[in-house]
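Common to both upcoming complexes is subunit A, partnered first by subunit B, then by subunit C.
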Partner chain A sequence: MKEKVLEIIAEILKVDVAVLNEDTKIEDIEKWDSLAHLMIIEAIENKLGKAIPIDEAMEITSVKELLEKVEG
Partner chain B sequence: MSKIALLSNVNMNPVIAASKEQDFLAADGYGSVFEELLRPDSVIYTQKAEHVYLIMDIAELLAGCRNMDEIKQEMDQWFRTFQGCLRQELIYFVSDADCRYEWLAINGAGVREQDVESYWYAGLTECVRKHTNVHIFPLKRIVERLGKREAYMDKMWYLGRIPFGAVAREEIAKEIVHCEKMLGTPKKVLLLDLDNTLWGGVVGEGKETDIKLGNEKSGLIYKDLQRIIKRMKDCGVVLGIVSKNNPEDALKIIKGHPHMVLREEDFAVLKINWEPKDRNIRAIAKELNLGTDSMVFFDDNAAERALVQSSLPEVIVPDFPAQAEKLPEVMLQIFHDYFEKWVYTEEDAEKTAQYRANARREELKEQQTDYAGFLKSLDIHVRRVDAAENKERLLQLLNKTNQFNLTTIRYTMPELEMILADRASYEVYLFEVSDRFGNNGITAAVIVRYGKKAEVESFVMSCRIMGRMIENMVLDYVETDAREKGYAEIYGRYVYTPKSKPVEQFYDGLDYVILNQDEREKVYKGILIERKPKEWYGKLEKEK
Partner chain C sequence: MQIVLRRLTEADLEKTMHWRMDPDITRYMNTDPVLTLEGQKKWFQKISQDETVRYWMIVVDGEDAGVINLADIDYEKGESNWGYYVGEKKLRSLKLSLTLEWNLYDYVFEIMGFKRLYNEVLSANEGVVKLHVMCGSRIDAIYPEHVEKNGVKYDVTAISITAQEWAAKKATVKYEKIEMV
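And now, the complex of A and B:
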């Protein structure tokens, strides 16, 4: 699951998946702006069938938190 | 690639992000599209956008309206403001409407989604009629194809004011690319093969009853296909046949088969022979006086498609479906992709007959060695018609004519209406042309500004009637009228454009003198006293 999430993020941000890991903070990646964030939430719901509640989606600040929401 | 801007009252940034083929100017945020259109420092003007797309979510626009009256008021207001924002140098695409909220229909006032959508559509078509630089962006069709459930995504709407789901956003981006392509070269002619295209099976190889065309099974597929093509013809698409058959066999079916929807007279030109198809298409271009870049070629035979595509890369050659039952759908798509226009005049419906007559005139010309004799034998009649009564056609003629257009000035309907109303300073001459092969319709127009000087502001003529010295008749008429108004001289201009090269020397050939010229234009003067007679053949009917 973790790999799939990282792949989705990499695809949307158009970055190499190797630059991403659990400790990546959203603020550290320039391309991860609010629009990209929405696209990631959407793709996770479409491709992995995991619907993250709206208010929680906006509180996520790192890959780790995102994974918790997906797996939780 | 043109510079384009996308504006919306909802968040369309993901569409811009998803678009691989087209770059967009970065307009900030979303909300009031009018703010962006009105601010002089908007990117539209600072970065000189050429095309502006307005994709409106009407559910959002109307969220506060409680009944149809309020809805109508809101939409009327929208179109009034929009028209106030228009700039002549820009081209606009405005979306038609799809009601995203089905709950708009929950009300005590009997408001139906369809009513809301049609009211918007009516406003939009009126706007398109008035302004030739406004086009419709077919948003509703995208939603209908996907279905609302697939097209919209509530999650994204509440998260970020993004109404459309990923698939719909991609479709919207594709449609924009398509609109951009269509602006470049509008298509006019649909060329069709016969065997296994207009009917199933091969004619001439067995009995006539062997071909598939009728009300049952696969016969109905071809009949439906023909019904669609017939409707396309009624919208102004010019049809032609390019088919390898024995002409007698094929014509027997076309004329006599009880289930043929398309008959001989529906086609402007029929090339049923064993010549290579690319050669036939070149001949058709010549006979119809239209460029091969205005043609779409539809044929079931992959080898023929490949030949035409390689020999004439500018011809559109759509894929042919592997399964016959897809034919109607594919043809409908061809119509949407290449021919659909949103406003057409009665002239368009008459087009086939006119092009058909043109092809016959070309045949006659080949028989006649003496050109003057040929023109005389045509029995040309030019009749002046009332410009105000035919203003839609006049506008179309002025804005669509590229070749025989001396100044290439484009007009909006309000501008034209002002000219028509200002009888003290303008005279608009509009002419209908016919000959023994039929009516060519309203095909020539001249606008003269009468002030201290008489100046020809615009002079356009449809390419359908070029090469018959009709322009000399028209100019003669205008000169006579100017003389009767008391002018001793008349001034004309030729403004250079790549497409109007053929008429660059128009005034030179008619004893006008050049007053000055630069790389942009040439200014001419003609003397109206003791004019030399011009060469033309036919009859000029003076009455309006």
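And now, the complex of A and C:
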């Protein structure tokens, strides 16, 4: 699951998946703005079948927190 | 994250002028203006006397971040146009976007007592349209080739939300209250 989530993030942000890990914070990547965040949440729902409520999604600040939501 | 909305002042104009001409901002806007500080000061004097518009500086953790506004305020109909942009790239978070939008809904419907809030978005900016819909707004219409910028015509999506729709949506979401000074 972790690899799939990282691939989704990398595809949307157009970055090499190798630069992403659980410690990556949203603020570390300039391209990870509000609209990119929205697209990532939407792609996770469409590709992995995991819907994250929008008011929970907005509290996510790192890849680790995103993975916890997806796996929770 | 502490967010404050304070009324725009003349001292803010140089900063907001640069934001408003940033291609990262104008690609979401209906116009690509070429602004001057002198022109902005005249504009500010004009809007300071205009009761149909209100402008606030968005301040995030003490840092000026962008501008949010109401326009075409119609006190008789109880409706208003609105818009915002976050000029500081590092502050463009989903949390800020949602918190701003939901707090503005609160302001318009609960403090001003209005019935309807609306805006128009370039349809090509699908993410922005989705963001508004996720916040509770709905798509009213799509106007083909409604805006022309630099010789290119763009479709525009008209979006709105009513007081009743916001009351229903509000009951389903959690967000921080913004201080408006």
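Please note the rule applied: the second predicted complex is superposed on the first by the 72 of 72 C-alpha atoms of A that agree within 3 Å, B and C clash if a C-alpha of one lies under 4 Å from a C-alpha of the other, contacts with A are read in each partner's own complex, and residues count from 1 in each chain.
Assume a contact is a pair of C-beta atoms (placed from the backbone, for glycine too) under 8 Å apart; a residue touches a chain by one contact, two chains touch by 3 or more.
For clarity, every value in this text was computed on a predicted model and none was experimentally measured.
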Exercise for the section: Scan A:M39 for contacts with subunit B and subunit C and give back first, second, both or neither. Expected result: both
Exercise for the section: Based on the superposed arrangement, let me know which partner A:D16 touches: subunit B (first), subunit C (second), both, or neither? Expected result: neither
Problem - Partner chain(s) touched by A:I54 [first = subunit B, second = subunit C, both, neither] - result: both
Problem - Touching partner for A:E3 - first (subunit B), second (subunit C), both, neither - result: neither
Problem - Which of subunit B and subunit C A:I26 touches, first, second, both or neither - result: second
Practice task
Return the residues of subunit A at which the contacts from subunit B and from subunit C coincide.
Solution key: 34-35, 38-39, 42, 54, 57-58
Completion exercise
In their shared complex, subunit A is touched by residues of subunit C numbered 86, 89-90, 92-99, 127-128, 130-131, 134-135, 173-175
Fill in the blank from the handout: In the complex, the residues of subunit A that touch subunit C are 26-27, 30, 33-35, 37-39, 42, 53-55, 57-59
Fill in the blank from the handout: Residue set of subunit B touching subunit A in the complex reads 13-14, 17, 153, 155-156, 158-160, 162, 165-166
Practice task
Provide the residue numbers of subunit A that touch subunit B in the complex, in ascending order.
Solution key: 34-35, 38-39, 41-43, 45-46, 51, 54, 57-58
